[in-house]
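A quick write-up on the structure given underneath.
Labels run A, B, C, D and E following the written order; every chain starts at residue 1.
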């Protein structure tokens, strides 16, 4: 069952990659990257059990953290850019 | 199963790199870079390189996409251009290099073979004796912070140099000191209440987790570098949500810049103490009569130096970049 | 006892994987951004929780489930927040829901704009 | 079997070359840095691949485990990752300044502007 | 204390750099950096003496023995390069104040000196280390600091030059990393001495060939050997005046050292089948570099740019020496490495002084400079004739040994080409002399002499006079280079016993 989960996760990652590549807009790509990140967390956790090495779990935790921060980062930056564009157009 | 996971990850890596060749928009490229970082980190996990995976996740999927983003924000997204002529020279160069690399791999020991010279000459000693000589379970930390501690000092110096270089390049003329954010109130139209609340809950745990990684590095994956990155990312998260001026009031740039130097000096002094006692640089036996205890203290100090420098330099770099971004905005 | 746990864990993993697949399908095939976000965001939380629960049932010592619990908590906090932030950012940037073919923007409800 | 044992290395070579290609063929400076990033990361993958021992465990000493993967490449690559991020950040800082000075981050535009002076 | 000597030249700038960053006042930073560089020079001089007396000095970091820990293994060659680099750095840093205050904004000066020290630490670390990976790390320290220093130039082109340098430098470093990875896979070790022992046992391995190829290409990118020189003219021309003097006299020298170290002491090029083809590659590329570099220099309208291209030509000479591949050839290469650092140090320092007074290095602006800045111009001429290779100057010695080495291999054509290259050098040096003294600026009547600031002038003159001194008293460069080359090419006993140098050209008075 664990193996099945791992395969599913890899498949979902591939799907996310397709979206990240195809877009069409920035937010789709951000979402894809985010999805990719959370699936990586699960993948690492599952692999940790599959290979029997519990120390991988620390890494999964870091992934979850980094993933969150980078999503926030992307959003803030795109948002500020839009604001900027808006103020410029308004002025 | 391992083979399958391995091959699929490699194929995904190739697909991502291929997509990066094709995609022209900078934001899309940044996202793909982040995905590439995550994928390579996952690959490192399957290759048993837990510490490397840890670092690559924090750096390749975290810090470097973030810096890319801030740059893209400061310079504009760069309208995708129509493809120019086929870069023949580039293709030729790449083909030659690739062919040379393939030739180079032909006489390499097969993948995974346990009797390859790399696994029989120097490395076995680390695996067999580090338990007695250093007394900590994580062999990577032993090698990093003791056997090859001078390399790690070089590494800290590299990151310190990066901080100095970024400040030198981005210093705005007329300002006292190096690049400093200007204390202008941000023009954030609506505050992200939900994000701010959730992040405010999470940030203390992030910082706590960084400390765990810092001091747990002897037993599991982690260590000064990873802890530094995580600590800095906590600060960056705060900065992203509350604006650069606010985070600069909490974590002062001048203090952070000094701390960057302090970390390197801490590392250097740890080595110098041994020299004053007539022993070689970075010989930790100076700290205690019991060599294993001495190693413990030495590694702790050295890792602390790494952590302080890394956290400060990454924060400094973030400040400098975000400052440019806010300047572009203003 | 352990057999029961194994079966339970297997069920959790299976259900989680299935949810993941449906989410991914939606993510790939749905016509507009908000529908895709919905597909991901909704399945993601439950699927993650199920898979992590399944893994927790498999472990035999204390530390791994504890770490898994931390991961789960973190994901439960961050994932909806990220989805919310994404939707808000997209809306502010002018992305609008589309009709089922993804061809044109849907008319806005009266209260908006 | 022989081919299989080198498959890993060859894929990594392909990755490196894709990164290398981006560096030399793309005119956008940010894209060049991204390519450099990919190139370096792929070299890291090569190193780490060579450190793997089939059936080995992560090099964290544990009771009852005898076969570990080689820790030395891990140590080297930890350092190399730091070098990579340092280079990227310095390069990006330069890009920001170049954009401020030229109003463009495209190599060809910049070349053109320099020749006009 | 003696046992710690091997580490001191590297450790001083290494610890000095972060300590310097804490200083707030730029003047303090300058004084501190200069002191550190001078101390490093003193330590390097003592180290050279110690190596000449007692042979190879080992220093094991952390007390871990060689292949497991990192080791410094200082032989004559290491000590020679350490001495040269720290010496030039000391002179340039002490002399730098006026020029830096002129070129660099006030809020950047402290960081500027921190970067200078980091650069120095990187170069010295490369020159001292006995570990291949440690070399890579220190290479990157110096490179990163250099990129930032180049970017401090006044024009916006400096940014582009720095960026190009960064991209090419990083590709070079990554190639070196690939090469090191390959040899690590084959031998399991990173220690150079250990590598040298284990590599020959592998026979004709394709991986060894690829590893060597990658390392050579990577190092040549850093060295700016002819087709890989693209970053150099821009970087040298656009960098702040002091940085050009600082980098031009040292960075490429260190890269050449790395090339020699890997070629002869790690890969044993001389005894491998590769030798023949590589010999042809180095010699032909070197000769092309000499002529291409000199020709561009002849037609350059900016003296700094001309000298940057001249550096490419001079690197060509050194590559020829490496390509000849005999003890004499490598010795000639090392002597030229030493002398060229003196010449370019003097020339670029003088240009820094001129840039301060005139505002640039365009040849047109230099009309009548011989009367305005007589001493500085004289220094340029002295270093210039040394660059040409006129007897009585240091440049003559290196050319002499190079020609002798070529003739010993019965390569008459090569010897002829080397001499012909010098004539081209004479052309662009003459162009300066012509503008400086013979060409009166009609619009600008005779201006009163306005010499460079004292420290800068002193540094320039010191290096210029060194060109004459080492043209007459050749014991230091020739003797050390002979010992180092002999030590490299297997004749280790000769290296330890202070092998008598090859017959001097008429003991200094040819």
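In the analysis below, contacts are C-beta pairs under 8 Å (C-beta built on N, C-alpha and C of every residue); 3 or more make two chains touch, one makes a residue touch a chain.
For clarity, every value in this text was computed on a predicted model and none was experimentally measured.
**Student:** Among the remaining chains, which ones contact both subunit B and subunit D?
**Tutor:** Joint contacts, listed by label: A, E.
**Student:** Provide the labels of all chains in contact with subunit A and in contact with subunit C.
**Tutor:** Under the touch definition, subunit A and subunit C have B as mutual neighbours.
**Student:** Specify the chain most distant from subunit D by Cα centroid.
**Tutor:** If we average the C-alpha coordinates per chain, C ends up farthest from subunit D.
**Student:** Using the stated contact rule, I'd like to know whether A-D or A-B comes out ahead in C-beta pair count.
**Tutor:** Contact tally favours A-B.
**Student:** Averaging over Cα atoms per chain, report the distance between subunit C and subunit E in Å.
**Tutor:** 59
**Student:** Which whole number of Å gives the spacing of the CA centres of subunit A and subunit B?
**Tutor:** 19
**Student:** Express in whole angstrom the distance between the two chain centres, defined as the mean CA positions of subunit B and subunit C.
**Tutor:** Centre separation, subunit B to subunit C: 29 Å.
**Student:** When you check subunit A against every other chain, which residues touch at least two of them?
**Tutor:** Within subunit A, residues 16, 26, 30, 32, 53, 55-56, 58, 61, 65, 67-68, 72, 78 contact more than one other chain.
**Student:** Name the residues of subunit D that each touch 2 or more other chains.
**Tutor:** 16, 20, 33, 50, 57-58, 60, 72-73, 76, 79, 83, 86-87, 90, 94-95, 97
**Student:** For subunit B, write out the residues touching at least two other chains, lowest number first.
**Tutor:** Only 30, 48, 50, 70, 72, 101, 105-106, 108-109, 116, 118-119, 122-123, 126, 148, 151, 154-155, 158, 161-162, 165-166, 169, 195, 199, 202, 220-221 qualify.
**Student:** Looking at the whole structure, which two-chain pairs count as touching?
**Tutor:** A-B, A-C, A-D, B-C, B-D, B-E, D-E
**Student:** Which residues of subunit B touch subunit C in their complex?
**Tutor:** Listed in rising order, the residues are 192, 194-195, 198-199, 201-202.
**Student:** Spell out the part of subunit A that touches subunit C in their complex, as residue ranges.
**Tutor:** For subunit A paired with subunit C, touching residues are 1-2, 4-5, 8-9, 11-12, 15-16, 18-19, 25-28, 30-32, 34-35, 38-39, 41-42, 45-46, 48-49, 54, 57-58, 60-61, 64-65, 67-68, 71-72, 75, 78-79, 82.
**Student:** Touching residues of subunit E toward subunit B in the complex: what are they?
**Tutor:** Touch residues, subunit E against subunit B: 3-4, 7, 11, 14-15, 17-19, 21-22, 59-64, 67-70, 105, 107-108, 111-112, 114-115, 118, 121, 125, 131, 133-134, 137-138, 140-141, 144-145, 147-149, 151-152, 178, 182, 184-190, 198, 205-211, 213-214.
**Student:** If you look only at subunit D, which of its residues touch subunit E in the complex?
**Tutor:** Contacts found on subunit D: 16, 20, 23, 29, 32-33, 36, 39-40, 43, 46-47, 50, 72-73, 76, 79-80, 83, 86-87, 90-91, 94-95, 97-98, 101-102, 110, 114.
**Student:** For the complex, give me every residue of subunit C touching subunit B.
**Tutor:** Those in contact with subunit B are residues 74, 77-78, 81, 84-85, 88.
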